[in-house]
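Encoded as structure tokens, the structure appears first; notes follow it.
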Amino acid sequence: MLLLPFVAVLAIYAIASDIRLSENPRDKLLPAPTTILETAQRLVSEPDRRSGEILFWKDTAISLQRLAIGVGLAAALGLSFGLAIGLFPHIRATLAGFVAVLSMIPPLTLLPILFIAFGLGEISKIALIAIGVTPFLIRDMSQRVLEIPAEQIVKAQTLGASSLIIAIRVAIPQILPRLIQAVRLSLGPAWLFLIAAEAIASDAGVGYRIFLVRRFLAMDVILTYVVWITALAFIMDYTLKRLSEGLFPWAGKDGL
Amino acid sequence: MSYVTVDDIHQSYDGRPILERVSLTVEKGAFVSIVGASGCGKSTFLRLLLAQERPTRGDIRIDGAPPAQEPGRERGVVFQKYSVFLHMTVCENLIAGESFGESRWGRFFGAKKRAARERALQTLERIGLAHMADAYPAALSGGMQQRLAIAQALTARPRVLLLDEPFGALDPGTRIAMHDFLLEMRQETGMTVFMVTHDLQEGFKLGDRVLVFDKPRWDPHEPEAYGATITYDLDARRDNVPTPAAPDASLEGTHP
Amino acid sequence: PAMAEKKTEFKVAWSIYVGWMPWGYLEDSGIMDKWADKYGIDVEIVQINDYVESINLYTAGEFDGVSATNMDTLSIPAGGGVDTTALIVGDFSNGNDAVIVKGDGGLADLKGKSVNLVELSVSHYLLARALDSVGLREADLAGVVNTSDADMIAAYATDDVEAVVTWNPLVSEILEQPNATKLFDSSDIPGEIIDLMVVNTQTLADNPEFGKALTGAWYEVMALMASDTPEGVAARTAMGVASGTDLAGYDAQLASTEMFYDPADAVAFTQSADLPKTMVNVANFLFEKGILGEGAPSADFIGVAYPDGSVTGDPDNVKFRFDPSFMAMAADGAL
Amino acid sequence: MLLLPFVAVLAIYAIASDIRLSENPRDKLLPAPTTILETAQRLVSEPDRRSGEILFWKDTAISLQRLAIGVGLAAALGLSFGLAIGLFPHIRATLAGFVAVLSMIPPLTLLPILFIAFGLGEISKIALIAIGVTPFLIRDMSQRVLEIPAEQIVKAQTLGASSLIIAIRVAIPQILPRLIQAVRLSLGPAWLFLIAAEAIASDAGVGYRIFLVRRFLAMDVILTYVVWITALAFIMDYTLKRLSEGLFPWAGKDGL
Amino acid sequence: MSYVTVDDIHQSYDGRPILERVSLTVEKGAFVSIVGASGCGKSTFLRLLLAQERPTRGDIRIDGAPPAQEPGRERGVVFQKYSVFLHMTVCENLIAGESFGESRWGRFFGAKKRAARERALQTLERIGLAHMADAYPAALSGGMQQRLAIAQALTARPRVLLLDEPFGALDPGTRIAMHDFLLEMRQETGMTVFMVTHDLQEGFKLGDRVLVFDKPRWDPHEPEAYGATITYDLDARRDNVPTPAAPDASLEGTHP
């Protein structure tokens, strides 16, 4: 049952690929599944002629590191600002509009400015990921904080809780599962920004590789990387879900 | 020596008056039962005492201090829809009653933590929840949650305790045990108690005074034109002789 | 499927580059429509913002022709098995592509520096040729950093960048920076970076009118551009504006572009003996970089056919053909 | 208060621009605010020499139309699949994993395939927007459906409601405010995908224009467009918020 | 002629037995009151009757039909934590009691709609909520919400009605009025009622039978080792003579 839609997609791809290949046996757009498998095998095992490294793993390691730092940073910012905006009406009045506007700026259009601010190195890539997903996380977190029933906050106040204690003992525990959920939802955009960042100025990483081989429409390589990215992202997603269920047994089950 | 002073408060929602000209003085350590028809404004009155809401007019002072801006440790509460922290176990909920007010981080450590847990387990034994100490509230029955909410509020030892139909979901046996628990804690801490109840017997058994909320004026064509106020202020110690309250004048406590 | 496919509607793609601006002008001015009508067909010229994407789309069959360099034609459509013919040889870069370094120095000083460029593009080829000329190899550099052309100017402005290889109009923009020094440009390897209009060989064979219309329209604009009549100036001005500069800026870029305004020159260039040498050079470069498809057994695995019938590479796998016959018709006024 | 962060950002920009311009008066990266204003004035008023149209307004109209259709489509898909996945365990078992995986595929890496599948016209741009934000909406919606208390569904069943009625009378009304919220959160990504789609193959639209002028670093034009996009997105965001508050008075206030 | 047959059901949560060997037969139209200590499993028993949960062992049949898989129209319910639809006004909530079961789209139109509103307003008049007809439930007091929940359940005219402490939040006057309302509706529809209550007087006043839930076996060292069952089955019509129930045998209804 679970696999049904996957099998369907695979079948559609195989058929479409077959049709194109029967017209032009060297068509590169939709390589045959077997070609992709061969390419994948080669990519994960053959070292690069120049450097002797297996580029696939190198790319993966570098990209994952960038992603982890970027998303981690975004999650920390999202949680802190989300809490501040959700809990304190004063901060909400000052920042809410600003964050809403900020979240609407398409960061990719301002790349030149980001380069000047963060250089061309690792920082700019991490910054792009963080800038890309932080506004979403802040908005989602502050919304979730606002959804905490007023009674819970009042109850904590009557027990003598300071704002700090309300934040760390009532609000944070209750929105942590939401934060994990929100991080899961933003994994897709985070990869997107990572790939965009790596496509622009880089010498390694999955996004770099994809945009490089785009130069000769090596869809077999691209598809291998895309499947790999998707698998990685899904594993992260699944791990976070299980983590959330393990850490927060009191919270309802996550749906997807 | 009035401790709680309610001075001519009015409260309306969406322009509909709910409470009108409510004045009251209560001595330190008094136990005030509140009865009245469903929807007449009892819970609203408690919310005002709690400083969860501000009255449209008039003000409420405790111990002569300026009207509170928000709930705080001196006022404890058990809501009508009893609620505890769903993300904490039963035992943690109880400990929160102490740690939220006493510890900087809202959490005890080391020996203090062990001592608090010991005390909490004793209380849980007392209210018949010891076997559920490490369960989350979602696994409690309605009556069990209600008992936990009462015990949590008492653990914080507030100076003024506000109870909104606290024993409504309990069977007669458990109810009597909880009465004893409440009276004992009151004895120990000398707190002032306001309790809304629908059980007149209970109101007279526990209370020093029984306040009756009702609409003094009534327009049959427009039942919502006027708000409720205290129409009777009964001394529960002098064998239930009704003394009509003077709604406009601040009442002297009848407790000796 | 060698079935002749007659059709009347054709689509070609182009992207912004000094030597290809006439394609946009062709569409806007109605000259293309005029020629298409003459041959009873319909030709749509579509601008694609992203150069690589335009070639990819052509390779995938979305277009019947595309503006591309000789190198990219060899690697993408020809490498992808799409038999492609160079219908029009528009120009070759004669200074349009350049190696630029921050501060002073010579080519030899590139050693140990990192270079920002669009990897696997003509810039990369130019860099390889430049390094060759001083006996260096890419391995002697600190590295090449793939940098999108759209971001090249902004990238150059950061401190991380030591040297860049890029093309016009970016070159002139960067050279305006106070500290930029040009070390090498395409005028040092004239005729090796060739800008073409390539079309699907099968489509062309089945529909010669398509080739005739395109070629005829192109050389009408060439004549217009070459003239200093008000119409000619107006055309170049329009092209300049469309590429984001003005007449002066566009003329400056044209100066470093060897445009074949006269079809006869283009025919002569295509027939010259240097072309096969260039293509072998390019094929070797591509193979070295692994661009000729991951499964390519050797540099000469794709065949390139020349006007005289000679072939470099594998004669059984000819996928790239230089065919000057339509340009010759233009030169003869036979269109 | 509300404007404070905006003023701060503007000030920082003005100073940074001034520093760069004083070093190199022809610097294009951070044009002076006055230059941007002049450019903006020119853009919104001067017709294009070639076509006689004012490109700024033409770009805006085309982009907004694409965005509206793309986001509308995504919202419809998100709502329907979200409902189906949230309400029906069978569908959840089949689709949940698939949607989770789908949401992780970075659509921008598959652009060549998308262009072949949807052509180069309007459809591909709308499709990219829809493909980009639909998985997020489906996941968010299904999560929200799952968060509807079980009692509400049981209650509806005991009143005789069929699955259809539960969906349209209980689930949809309760998650519509959430849908609007989710759409607001995905406006940012939607613009991103729109710009990406327009950047590659288009002859009008704000994304097209930005990428066209990015080659020559006409930051004054880019910044004008970015500010305009941000303003438009923010207006949409604000309108949706007000709409939600007006349509669903029973729902809590939206935070941001 | 047994209508509801409960055959030796057992229920446990997380391995803890809650109900053990509960067997019961109830005649059509009977009114069964259920009393028992807090946390003994009364609500659990109602949830099983409602088919919201399935028992660990044994089964429950209504009118000889196979055990229900999920709640449906034949069983109405008022939960202990009374809940109504928060996104519908008071009047709409009441109409939903009819329209969910009777209309294809869960909504009446035209004349039918007007008639339903008329009936709803009459009912609201009856339960003292007419003046709040167009308010949302969030603006109701606890007791008002409880009355609305009861009226909503009754409006659907279920064949079996399950009430979990339905009158707990009502003052004595309102409570008696609601008793009358319930008895009248029962008279009219002949439904079978199960009511959990903590008020013995109420249980005997309304019920034909009063069931007492308790633990028949008790291990003082392990209070949770055994579950509760029906220990007494009292005939409320025969002047309260306690007749110990035979837990293992299915009981014949004592109603004449």
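To keep things simple, chains are lettered A, B, C, D and E as they appear, and every chain counts its residues starting from 1.
The rule is short, and it goes like this: contacts are C-beta pairs under 8 Å (C-beta built on N, C-alpha and C of every residue); 3 or more make two chains touch, one makes a residue touch a chain.
All of these numbers come straight from a predicted model, not from anything done at the bench.
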Point to revise | For subunit C and subunit E, chains touching each | key: D
Check your understanding: In the touch network of chains, how many steps separate subunit A from subunit C on the shortest route?
Key -> 1
Revision key, fill the gap. In terms of mean CA position, the chain most removed from subunit B is C
Review point. Subunit C to subunit D: how many Å between their CA centres?
Key: 37
Study note, to complete from the structure: dist(centroid_CA(subunit A), centroid_CA(subunit B)) in Å evaluates to 48
Revision key, fill the gap. Among all residues of subunit E, those touching at least two other chains are 81
Check your understanding: When you check subunit C against every other chain, which residues touch at least two of them?
Key -> 56, 60, 151, 153-154, 157
Practice item. Find every residue in subunit A that makes contact with two or more other chains and list them. Key: 29, 112, 116, 214, 217
Practice item. Return all touching chain pairs. Key: A-B, A-C, A-D, B-E, C-D, D-E
Check your understanding: Which subunit B residues qualify as touching subunit A in the complex?
Key -> 50, 52, 70-73, 75-77, 79, 81, 83-88, 96-97, 100-102, 104-107, 136-138, 152-153, 156, 158
Review point. What part of subunit D is in contact with subunit C in the complex they form?
Key: 24, 26, 28-29, 49-50, 111-112, 115-116, 119-120, 199-203, 208, 211-218
Check your understanding: Mind pulling up the subunit C residues that touch subunit A in the complex?
Key -> 1, 52, 55-56, 59-60, 72, 75-76, 79-82, 116, 119-121, 139, 143-148, 151, 153-155, 157-161, 290-294
Point to revise | Of subunit B, residues touching subunit E in the complex | key: 13-14, 35-39, 41-43, 80-81, 128, 131, 139-144, 147, 164-165, 168-175, 198, 200, 223-224
Check your understanding: Across the complex, what residues on subunit C touch subunit D?
Key -> 16, 28, 46-50, 53-54, 56-57, 60-62, 149-151, 153-154, 157, 169-170, 173, 176, 178, 238, 241-242, 244-245
